[in-house]
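Listed below are the structures to be examined.
Next come two complexes, and both contain chain A; in the first it sits with chain B, in the second with chain C.
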Partner chain A sequence: MKRLIEGVPLRGLLLLAVCAVLLIAAPYFVSDYVLSVLIIVLYFAYTGQAWNLMIGFAGLLSLGHALFVGIGAYASAALFIHYGIGPWAGVFVAIAASVAAGCFIGYLGFRFSIHGVYFALLTIAFAEFTGIIVDHIRWLGSTEGFFLPVSNRQTVDLLNLRGSQAMFYYVILGLTGAALVLCRLLLNSKLGYYWQAIREDQESAEAIGVHLFRYKMIAVAISSGLTGIAGVWYAFYYNNLFPESTFATGKSIEIILGPVVGGVGTLFGPILGAFILTPLGEVLTSLTEGLKIDGVKQLFWGACVAAIVLFRPTGLWPWISSLLGLDPRRDGDKR
Partner chain B sequence: MPAEIYLNVAVSGLLTGLIYGLSTLGLSVIFGVIRIVNFAHGEIMVVGMFVTLMLFRWLGIDPLLSIPIVAVALFGFGYLLQDWVVRRVAHLADHMQFLLMAAVAVILISACLMIFGPDAQGVQVAYALESYQVGPLIVDKVRLIAGIAALVVAGALFAFFRYTATGKAIRACGDNYAGALVVGLNVRRLFALTFGIGCACLGAAGAILLLIVDVHPYLGPAYTLLAFIIVIVGGMGSLPGAMLGGILIGMSEALAGILLQPSLKSAFSFGLLILVLLLRPQGLLGKAAR
Partner chain C sequence: MTASAALSIRGISKHFRGLAAVTDVSFEVPAGAVQALIGPNGAGKTTIFNMIAGGFKPDSGAILLDGKPLVGKRPDEICRAGVGRTFQLVRPFNAMTVEENVAVGALVWTDDLDEARDHAVGVLRLLGLEDKRFALPGNITLPDRKCLEVARALATKPRLLLLDEVMAGLRPTETDRMVGLFRDLNASTGLTILLIEHVMRAVMALSHSIVVLHHGQVISAGTPEQVTRDPAVLECYLGEEAL
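Moving on to the complex of A and B:
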């Protein structure tokens, strides 16, 4: 507990508590539409946090995180549809499968010392490859899609993840909070310092005795496992899975947008980014609906992202954090 | 199935592969010199295809004749893109550069969508249905012309980098950035030129490709991924490697299309990519990583 809040200024803790209370109370005072937007926001905050763990902490660029979402989603959905095994058990299979896939890619990549852009392309290749393979597996619904039985939205069955919108909201909120705590603990642990050493200078880290292969693998394993859990939630929230849309590179890009906008390598960057981008997308949709021109929304979208990369390349969180005076007081703790 | 079918498919794959190779030259030149992975590659080529389409529709210019026009137009586009936008992210981390190029790609797709609509559109040239017969081999005239045109443009590019002073200066920037600055090369201008040349390749490849493929805005991402596969198989930054990779992927795609299922052909290419990344990460003709 001490490690969790050490060095965080009091007003930061207060602000965090206020945000947490607001989020927990949200289902009681917002409309269904706002709640559905919040659910998507939290989904991207969570997956962004998981992605950020690899690139922001350990410096490993993955552009294929949709792979882990897809594996988690398909694994749990297959167990549920074919064997009636609920997600409470399926989530473990999903984590195992995602971690196995992540470790496989990581093993191949790090073993043959593939890094930087090449590693990123390897992750894209695996995601696209898996998507095409799933496309041809009849057992997983192939191109026609994989559908979970539509649930009763009134009752709440947490073990089987069947229930109301609010239940899905609390599940993803809990996951996001847990991921935040986990990342905070990891970042300030010995493991986290090893990762940051690798991120800053791989050769130097190796020279002082950091086992590159081992710690990179741990980063990939944790990140892919966390993302796999998001996959389970995704499958049971949307109730339908299509290989083309689940594994596409576009989906991986959606995951990384939040952290990049918010600030790669920061704890609150992925969350802030998701809270900015998803509502922005919704606003753009409603604004451009009347125009009846295809592509206007995407045009704005691309322009926003380009503007952030060009004018705020460190992301928005470091800037907002210093505006609010939330920077840690300790020396040498800042990025 | 008789052997002639495989031969025919292989030849047609080879000719398509030459066009792939030409377009990948654009990616390879940019990466080899500026060290930026152009994630908007396919989208820029689609823009080239649309420009060719407009020239054909409005002025009746044959796609083959419009190659130089499209190449010049996209050269200008690439030059300005590098000088105004991409240059500003050169010092940022890989993922930021990636994101900027992905944003450029999204902007280009949506601009094409707004201007040209979502439907697939193609050109119908007079010689579209003609073919040559050599023994058991039947070669589409369009494909043959397209393949030869791709070879010619690629040859011109090789000559440019090998024999002209500007070409050598560009290679110098790629080989040793600091050295190029020290000897007084105008690196900023040369980088912009490089990006322009890369995009000109894409324009030429797009113009040629329009002969055999109908264009629509969503064509871009598939070609971006395809070019990545080719450039890694052939070797990032290696120009002959890009052509070789293009031919290999073109042929393997065509053969996978009849041996397995057409829908599995890209899985086959991705499989090839994974193999190459593992066994020879610098690519078939690439230099060892620095």
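Moving on to the complex of A and C:
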């Protein structure tokens, strides 16, 4: 507990508490439409946080995180549809499967010293061909899609994750909060220090005793496991899964946009980025509805990323937090 | 735990493609000694350091730390075996504070972050960097960054410290301070030190013995007095006026 809030200025804690209260109370005063947008925001905040753990903390670039969402989603959906096993049990299988996939990719990458952008290509390849494999598995619905039975959305059946929008909202809000706490604790632990050292300079890190392979694998395992959990939520929220849309590289890119805009390597960057991009994208889509412009949201997101890369390459959060006085860094000091 | 470790280099060679960087080099660093490795640029000094620390694997020969072979181990295993090293070009973790940089080193022997940070503060105090501990490495001077490099290696509690040109680029007063520091460390803890250095002022003040390399081979070895009078060394490295 001490480590959780250590070094955070009081006004930062207050701001966080206000945001938390607002988010918890949101379902009681926003419209169904706004709630559905908030749900997507939180989904991207959570998956962005999970992705950020790999690239932002340990410096490992994945462009295939849709793979872990897909594995988690298909694993839990298959258990539910074929065997009637609920999501709370299925989530463990989903985590195990995602972590196994992550570790396999990590093993290939780190064992054979595939770095940086080549490692990213490896992650894309795995996501893409897993999509193609699922395309050909009838047991998983193949190209026609995999559907969960849609039930009454008014009653809340938390055990089977069947129920209203608000229930899904609270589940993803809880996950986002938990991921934030987890990442904060990890960053301020031996693991976090070792990850940052690896990110900054592998050779230096190794020379002072950091077992590169082990600590990179741990980063990949935690990140893929967290993302797999998001997959379970995704399957039960949307009730339908299609291989080409679930595993597509575009889906992976959507996950990384939030952290890139908000600030890679920061704790609040992924959350901030999701809260900026998703609502703006939604507004833009609804504004241009009559015009029937395909891909207007993607075009807008592309422009956002270009602007960030040009003007705030470290993302918005470091800038905003210093504007708000949340970052007590002075005269080049970081406290 | 003893702070001293003896290093034994036995006939190591290293070729890069057709280039023989190091050829059949052997020397001993007794436990508790301060020994310098000198020679012209390209003599193979840093290559030898990299072979000791696990960066390169020698083509042949053996490297023993207290009689245990190091060849074939990973750099992090060699660090855990008790070898600390600095890099010729400083390589700090730029996004982490000075204190965090050093704490990473201490985490090799403890899992407790508070203990690692406390130890880091102690090491920084020893090196006179305590007041810079919240600074980022990019915001401190080059001599301070060199100190940080040393602090990070010391935080791993090495029994053998490899120093690769830590005095280069320092002013004479700073050099003397560093020399004093290593001499104290060696005297108080018995830490074995092997240093690559071009600053002869530091080499002469610090080392108990010197090994001279030229074209990847040992051309002279002995006490500082013996080595600096050796005609072969004068010819290829120090020059006549060094006397």
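Operating definition for what follows: the second predicted complex is superposed on the first by the 317 of 335 C-alpha atoms of A that agree within 3 Å, B and C clash if a C-alpha of one lies under 4 Å from a C-alpha of the other, contacts with A are read in each partner's own complex, and residues count from 1 in each chain.
Here is the rule we go by: a contact is a pair of C-beta atoms (placed from the backbone, for glycine too) under 8 Å apart; a residue touches a chain by one contact, two chains touch by 3 or more.
Quick caveat: nothing in here was measured; it's all calculated off a predicted structure.
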Is A:I256 touching the first partner chain B, the second partner chain C, both, or neither of them?
-> first
Thinking of the overlay built on chain A, is A:I55 touched by chain B (first), by chain C (second), by both, or by neither?
-> first
When the two structures are overlaid on chain A, which partner does A:A197 contact: first (chain B), second (chain C), both, or neither?
-> second
Once the shared chain is lined up, is A:E289 touching chain B (first), chain C (second), both, or neither of them?
-> neither
May I ask you to decide whether A:E6 touches chain B, chain C, both, or neither, giving the answer as first, second, both or neither?
-> neither
Please indicate which partner A:H211 is in contact with in the superposed arrangement: first for chain B, second for chain C, both, or neither.
-> second
Chain A residues touching chain C in their complex are 3, 188-190, 193-194, 196-197, 199-201, 203-212, 265, 332-335
Note: in the complex, chain B contacts chain A through residues 37, 85, 88-89, 92-96, 98-100, 102-107, 109-114, 117-118, 217, 221, 225, 228-229, 232, 236, 261, 263-264, 266-267, 270-271, 273-274, 277-278, 281, 289
In the complex formed with chain B, which residues of chain A make contact?
-> 55, 61, 63, 108, 112-114, 116-118, 120-122, 124-126, 128-129, 132-133, 135-136, 249-250, 253, 256-257, 260, 264, 293-299, 301-303, 305-306, 309-310, 313
Where on chain C is chain A touching in the complex?
-> 53, 55, 74-76, 79-80, 84-85, 87, 91-97, 100, 103-105, 107-108, 111, 113, 116, 134-136, 138-139, 152-153, 155-156
